[in-house]
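Next up: some structures, all given as structure tokens.
In what comes next, chain A is part of two complexes: it sits with chain B in the first one and with chain C in the second one.
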Partner chain A sequence: MASSLWYLYEFARKKWIKRFIDAKSDKSSYIPPERYRKIPPIVKFPEKCISCEACKESCPAFAVEMVYSEEYNKNLPVFDEGSCIACANCVEVCPTGVLEMDKHRIETEGLFFDKPKYHNLIIDEEVCVRCGNCERACPINVIERKEGKYVINMALCISCKECVKACPIENAIIIFDEKTLKEKIDKAFEIKNKKTIGKLEIKENAIEEIPHIVNGLCISCGICKDVCVGEIDLKEKKVVKCVKCGLCIELCPTTAIRIYKPIISKRKDICYVIDEDLCIGCRICYKVCGAGAIKISKETKLPYIVPELCVRGGACARECPVEAIKIVKPEEAEEAVKVRIIEDKIIESIEADLILYTEKYGKVKEEIEKLSLKKLKEELKKRVYEENKRIKEMKRELYDKGNNS
Partner chain B sequence: MATIPIGPIHPVLKEPLRIKLVLDGERPVDAEIEMGYVHRGIEKIMEGKHCHKGIYLAERVCGICSYVHTMTFAECIEHISKIEIPDKAKYLRVVTCELERIHSHLIASAVYNLSIEHETLAMWLLNVREIIMDLMEMITGNRVNMGYNVIGGVRRDINREMMNEIYKKLDIFEEELKNIIEVFETGPLIALRSKGIGILPYHEVMRTRAVGPVCRGSGLPESDWRLRHSTYQELKFKPVWREEGDNFARMMVRHEEVIESVRLIRKALELYEECSGDIRVKAEIKGGKGEWRNEAPRGEVTYRMEITDGGIIKRIMIRTPTVMNLEAYKYMLKTCPTVADAISAYTSIDPCVSCTERCIVAIKDGKEIPININLKF
Partner chain C sequence: MVKEFLRKRSIHVCVINTGGCNGCDIEIVACLAPRYDIEQYGIYVHNNPREADVLLITGPVTLQWAERLKEIYEKTPEPKIVVAVGACALSGGIFKEGHVVGGVDKVIPVDAKIPGCPPRPSEIIETILKVAPKAIAMREKKLKNRDE
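== the complex of A and B ==
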């Protein structure tokens, strides 16, 4: 009863009655939304696409697939409508502005973004020979030469892997993806747990040397620190205490912590050779070669390339001002420089011999000098002694004469 | 003593969760809460991912308060790598965050009203919520999972037209809401079912570590993490709280917070108009560890994470408010005279189960056991 009275009172309010009387239907309160309605994104300029797969790698929903298109003769992204979550990541990462989602690209033009990706690329500064091939191969120019080494700008890289294709050395560009990283994080977590409850079995001295950390490769994920039984200082990038168990080397996702890594060339089918008739002896190639494969001939004073050391980077051929460096088959190259190498070896050995001789000669001479000096002193002493003796005798004689007379 | 199971699927429990009520006659005396029906292991999936992808996963931790999760995620990373975001982005974040709080509180209120069988009010509340949803769609482009936040700012700017639209709609919204709150406040039936029911006294809040409106309904205004947020400090934010600690107080805290949020949005938009420049900066992410808290509609959310240089997530831990509030629920049961009241007390804490259940893994005898399945509270 009380509540029905209350409701009566409630509905009899003046304000309400007024509203009830002037009620009219409003224009729809719903404005048709313009933004983010065009999902999935559209490929606006397919002719500009460079098939770098950045969109595919940035998509958190795995909604992008690269499919070969007959019409444009290249791979173009195809979007799965059901999976797209309208995040516009792909629109933002596309380096050539091929994609568009409603007006997102136009609205955010001029801003520059971090790129989410599945594969991350880093240049290994210890293995890199600084040939610069990657820099020229990069379609969006994010590889730079800084303080003598090449660095990929991780924030802008779209991981199209053009640089990996262009790099002449195996493993000089390290690729790590989410999957391996996840696996390694899992493993490290397990080991860390075991370590804390004291159940970790470690094989000491499993590796020969104390490993070192390569600064440019380290992403400071801290996995090595988690598993390390000794001590690792990640700020200074140094191994402080080590029992040589090798766990860190096994688990590092970027192989930044290591003992030694050999330089292995990818190409074996060609080699560079210097044409001595054209060479002007400017030695630019000698300076440019990071692998140390160019030697200066002792006889002609002209440079030549040692085929075993050459990594086929091609920096020398590019830099040569008179185009004296040619690409040939490796056998030919070996043949061509055989004489130089042998000559060099002979001259080198002769030089070494000579140096040895001069050294020996010097030593002998010194000894002789020392010896003679010694002899001289002895002789002098003897002479002085004899002279003294003679003077004494003479004095005595004089004395005797004086007494007699 | 009898036990009756409620859930996991129940028309008024918004998400799957099982409550075993222990009854003495018709009076509930204790409850056993079982979770684990929507366990998804989001934290584990995030490990090893780039944080620009992780932010979308963070958004999917919770369906209703998705925005505050991305905001906390982004702010945590910005805090770790010391990124200064533009002022425009700060205010836009506040606007969106408050819009989301409004919509979340309105849902909570609607569900509460349903649980006390006041369907009219529930319908009205859902109806006014539509205005807020439209605004959210206009600003961010999406209605629920907005994808608006990025590390270093927000994704899209707003313009004059949109701002006028927001002001206009907020006016309409406020008027309608005031009416609804009046009905809620003065309705005798509502008072009958809410006042003095499910009381959580001040000292028991301390024992259960309840957060959010549950805590503020019991007289603890300092539990609001917005007080410690620099942008909110600029907006001169004042928390809302009540002393009674019953269902009614909790709902009224929510209602008043909605009004406060509307005020905050207006203020933030005013300040937004004064600034210029970009809405986003380039994020150069540096590695490290860090922690960040924000006030989600249900209470504080904590993100603790470890990232590497370049922004790959190594480890992440998310703490959401509902676990602690569910613990407080047991104390509320003491003042619930019937089973129906037990349910309305449960909805009054606005539980969000899907944001609670993530991954905790223990290793026992070399086997991994996810321990928040069948974890008894």
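== the complex of A and C ==
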């Protein structure tokens, strides 16, 4: 009897029975778990915000909007509660740590993470003039100069597009998003299917030249290889065989495969001019300019800027040690370098003529020398012969005289 | 018989999914399960719009669903209450750019909104309990008026 009572007591004392009875009033059922994300994320340090719009770019639900705040004099993110899906992409992408969603930032700090974004940016190395404006404009310093080229670190980029604004050349930074990539892949798939069935109609010689692949732009998506009737080597980034159908150029999402791309300057309202009175002739600007717009005058041996080639990058003005490069209107710039250009043209033509003449002169001289050498030799032989003759005669005369006397 | 009699005065809920990802539906199912047990609060998930007091709508309203949703809304007896559950039902959520009309409030008037992707079951229960009694009171009034 006593033992059975003990068993009953033990049974009732067990924790699970208590939990069973208290199941409905258990705290865990109405207190959210520790890692539960309360939406929307809060703007914890608005003073740190640099208005880069990275949060807006990363949001998959388009819940973030940049609204001007009068208190802080800048654009601050405003979250739409209804759209937020608590993915915390905005918290992780924020370069200055403005946002916070519970303790998310502390929990995930230091973990490997590709910054989520809608648009991807790549620098076109063929058109880039290496002015370095993008490197300066980047708020989080992910653009670096590697082997003479500027490269955006795609994993860390937040697609704020500050570099696009700073870039002096049109379309030098190529933007591509998932949407275009998907469209192009779908199109390529259709063409590939047609190709395998054998129903693909190819217009040969639709383009003029064999296209080439720009190494830095290629994301190795393989669309061109799928579509190509000839052969493309993606490892070497070379077009091996080509029928000039132009399908790859049409379908490349980053325009990495192309024939030719011109360098077009964004700004036409200003131009740079070198003040020749201040210039010390160090030629740093000449080395810095990637567009080849700076030439060295043959008359004065000082550099000058050709307005038609200048892309208004401003690298020359920045690097100049005596600040001799100034911004003026394009008409003034043209006026200023007009004389130098004409001078150079004349000098160049004269030089070219001179070179031609010297070449001709050299040739003629050589011929003359050859001819004269021959003649000289002959004359020498003659002279020697004559001299020998004379000496002989003289000897004979002397001999005769000796005999006579 | 007994069940019907007992459920006569409970809050009748109709769950409608207008084309979402089912995440919110799973949370609603979690409400039915023993842990949250929605019936202990006198809420009865009925899934019949003709008898419902509360329409729980999840998911963005797709183009095909817009007309159907209006029909369902017209079929529910007055007074009716519409609760939009989750980010999609509020604004379209991640499906904003797809073939959707947008939030539920673009098609029918909405009384309560629950943000979250998905919201917690406790939040859903809380909202229904906050919003529904008003409707129930109105219904009682109507019934009384009819009797008189």
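Basically, the second predicted complex is superposed on the first by the 321 of 405 C-alpha atoms of A that agree within 3 Å, B and C clash if a C-alpha of one lies under 4 Å from a C-alpha of the other, contacts with A are read in each partner's own complex, and residues count from 1 in each chain.
Everything that follows uses one rule, which is that a contact is a pair of C-beta atoms (placed from the backbone, for glycine too) under 8 Å apart; a residue touches a chain by one contact, two chains touch by 3 or more.
What you are looking at is a predicted structure, and each value in this text was computed from that prediction instead of being measured.
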item	value
Which of chain B and chain C A:C221 touches, first, second, both or neither	first
Which superposed partner A:S83 touches (first chain B, second chain C, both, neither)	second
Chain A residues touched - chain C or chain B, whichever exceeds	B
First (chain B), second (chain C), both or neither touched by A:L309	neither
Chain B versus chain C as contact partner of A:F62, first or second or both or neither	second
Interface residues of chain A shared between complexes with chain B and chain C	29-30, 36, 60-61, 85-87
Touching residues (chain side chain A, partner chain B) in the complex	2-3, 6, 10, 29-31, 33, 35-37, 58, 60-61, 85-89, 104, 107-108, 111-117, 120, 154-155, 178-179, 181-182, 185-186, 190, 193, 218-223
In the complex, chain C residues that touch chain A	34-37, 40, 87, 90-94, 96-97, 103, 113, 115-117, 120, 122
Contact footprint of chain C on chain A as seen in their complex	23-24, 29-30, 32, 36, 39-40, 60-63, 80-87
Chain A partner contacts - residues on chain B that touch it in the complex	47-53, 56-57, 130-131, 134, 137-138, 140-142, 145, 147, 150-152, 155-157, 165, 169, 183, 187-189, 278, 280, 282-285, 287, 306, 308-312, 314-315, 363
